[in-house]
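Accompanying notes for the structure given below.
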Amino acid sequence: MPQTLSAIALNCTLKSDAKTKSSTDAMVAVLAEHFADHDVTLTETIRIAAHDVKWGVSSDEGKGDAWPAIREKILAADILIFGTPIWMGQPSSVAKLVLERMDAFLSETDDESRMPSYSKVAVFAIVGNEDGAHAVTAQLAQALNDVGWTIPAVAACYWVGEAMHGTDFQDLEHRPRKVTETAKMVAGNAAHLARLLKQAPYPG
Amino acid sequence: MPQTLSAIALNCTLKSDAKTKSSTDAMVAVLAEHFADHDVTLTETIRIAAHDVKWGVSSDEGKGDAWPAIREKILAADILIFGTPIWMGQPSSVAKLVLERMDAFLSETDDESRMPSYSKVAVFAIVGNEDGAHAVTAQLAQALNDVGWTIPAVAACYWVGEAMHGTDFQDLEHRPRKVTETAKMVAGNAAHLARLLKQAPYPG
Amino acid sequence: MPQTLSAIALNCTLKSDAKTKSSTDAMVAVLAEHFADHDVTLTETIRIAAHDVKWGVSSDEGKGDAWPAIREKILAADILIFGTPIWMGQPSSVAKLVLERMDAFLSETDDESRMPSYSKVAVFAIVGNEDGAHAVTAQLAQALNDVGWTIPAVAACYWVGEAMHGTDFQDLEHRPRKVTETAKMVAGNAAHLARLLKQAPYPG
Amino acid sequence: MPQTLSAIALNCTLKSDAKTKSSTDAMVAVLAEHFADHDVTLTETIRIAAHDVKWGVSSDEGKGDAWPAIREKILAADILIFGTPIWMGQPSSVAKLVLERMDAFLSETDDESRMPSYSKVAVFAIVGNEDGAHAVTAQLAQALNDVGWTIPAVAACYWVGEAMHGTDFQDLEHRPRKVTETAKMVAGNAAHLARLLKQAPYPG
């Protein structure tokens, strides 16, 4: 029987009220279903905008900063599901805030020069009314990889509508078949790779 | 009566046979219709892949290079309609080839330090099956602006389908209303700005 | 004698204490010097992180939101100097926050379908320790142009150090000659274009 | 003793004469040195522009197309070193051409829905006179990951000079220490991950 792995999800919606429904949550939920088929448990979805995460590039920006506790939860999981809406064809400002806080990993290496994110994998849950998923993937993949995350084959699960349309993913009547197929690939590949790296971490 | 202006279009499709239909041509045609309302005449659409444009960053890469003649036509027009399909969420390699050849403008300044593209405006005609229009806009706007082109308000006219769909713009039964509205804005703004800059070029 | 124009600068540093020195301010100051030569007055540099700008995509996110007052100042000026540091090769999260708030312009059109940003020009002041200026230019140009700003020829004034270096622009002993030359072009072109558009706005 | 792995490198310089020296080759050579320490042998560096690779998105564009033979070599290796110069802050048009040809992988899946690139890792060798390495990383990581490649922790080995400078990597008197450190990480992580995936491929 394969070892159970843990995943944590970040929802980088601009909606700070955690009770407001979010299409990003809906996409994370799709991935969580498929991760469950591979013995990966989603421990929590953290809505970043509901917490007081301070601007900065260190791991602790002082009094009242919500990041240190979130950072600890992220690093306790084997898999990161980075969820963000698309605004103006780009990742949300909240997503950028999270990436900037992870910049500190660069100087938090262990004796083998390994960042705290080493041997963990990251995948993406991306939603928008129209256009931008590949651009968001590019920015997330580059920034997360720069600070030590490994990107499994086909890491992006996304949905956007036709150009200049206004439908939200959470309001679709049926889950698009292509989204289901993609979620299956993303979860299967990520689970396999995270398991390999947990058993045999990068030596540094 | 306003002065008649000229526009030239580049079609950066990967299809080198100029007789093969192209969705990029279809989008250029939409813009041309609206430009006509503002006394702007589309003189020609150049299908770059049908010509032997050499790799390089100079204005003449030697024997057989089709670029010098194309470059001359581009610089004879007041407005550039840069048309490209989206591949992998990005501009086509043919589009990149054209941008690289324009890199030479940086060292082709006149006595007032003005590149040959100064006082001309560029707009974008972008089509894809799904996703990528904003990313393409970003890359075109940055690269063209770096080498001297001016970007009028709302310069991108685009269409993409829903995520992971395969419909081509040229096969749509009806022209989407949003595309018409955008084309109207793009053409109106570009014509206005090109006319201002023709009457009063950048002094350098 | 040419009409005096006004410019406003946004500093999207992550440093929320307005008394902390910022390389972005230093780059804005370079541009301001050259704008002065063209009768353009910098009225104010707003350090966004020092204000409580709320997450969102509307022009007023309610109680305590600092954006409405900032928005008014931006739209009172003829020229926008958008200043941002580079983090992880990308614009700062604060820059993204500002862009998202401008998304509201799309639905704030006048009777001629013109957004409030129409007939105003935007230029960029970008600094980083290493790499990322072109990527930041691409994202700013695309997002600002989408919401109605006009981009004059050569709109980006930037400095970054050699790959993986850590020097700050504000700590350089001498201003690089290339930065001076670029600032001269950016300011001259922006002033000329802003003046043309002020005299003859887009008809919409 | 660890299993010996093979790597293949693509040099996407615009210089089609394979005898012309290239900074991209110089960066590939740095990586090759460090890969050798991990029992990874660089079998060949293919200068794409020296071959007649046709425009297109299929795996065989017909008579005279050099891609099918190159494609076979790429898929015979365990690790792909994707080398490209930076032009206008972006990957070269030759790099884009290669990515487009790999688009065909999407429909070349085996009975377990796995693309031919599955269980192989890709890393990047990027050089430029100034600026653009992170933007190139973002585009390569997104496009290669979309078509099945796995991206190991810290996959980009790059060098660029100070803003607006013109020095070539191959002309540096000394190899920058930061480049050596990065090459060590890139090679070590890629070798480890490629070995894990060779022993235990994605199940699909």
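All chains are identified by letter, namely A, B, C and D, in their written order; residue positions are counted from 1 within each chain.
Just so it is clear, a contact is a pair of C-beta atoms (placed from the backbone, for glycine too) under 8 Å apart; a residue touches a chain by one contact, two chains touch by 3 or more.
None of these values were measured; they are calculated from a predicted model.
S.K.: Go through the assembly and pull out the chains touching subunit B as well as subunit C.
M.R.: A, D
S.K.: Taking each chain's centre as the mean of its C-alpha atoms, which one ends up farthest from the centre of subunit B?
M.R.: Relative to subunit B, the chain with the farthest C-alpha centre is A.
S.K.: Using CA atom averages as chain centres, what separation in Å is found between subunit A and subunit C?
M.R.: Whole-Å distance between the two chain centres: 30.
S.K.: Let me have the rounded angstrom distance from the C-alpha centre of subunit A over to the C-alpha centre of subunit D, please.
M.R.: 26
S.K.: When the C-alpha atoms of subunit A and subunit B are each averaged to a single point, how far apart are the two points in Å?
M.R.: 36
S.K.: Show the residues in subunit B shared as contacts by 2 or more other chains, in ascending order.
M.R.: Where subunit B meets two or more other chains at a single residue, that happens at 88-90, 134, 137-139, 142, 146.
S.K.: Give the list of subunit D residues in touch with subunit B in this complex.
M.R.: 14-16, 49, 55-57, 87-94, 96-97, 99-100, 103, 139, 142-143, 146-147
S.K.: Within their complex, state which residues of subunit C touch subunit B.
M.R.: Residues in contact with subunit B: 113, 115, 117-119, 134, 137-139, 141-142, 145-146, 148-156, 185, 188-189, 192-193, 196-197, 200, 202-204.
S.K.: Touching subunit D in the complex: which residues of subunit C?
M.R.: That would be residues 88-90, 130-135, 137-138, 158-165, 176, 178-179, 182 of subunit C.
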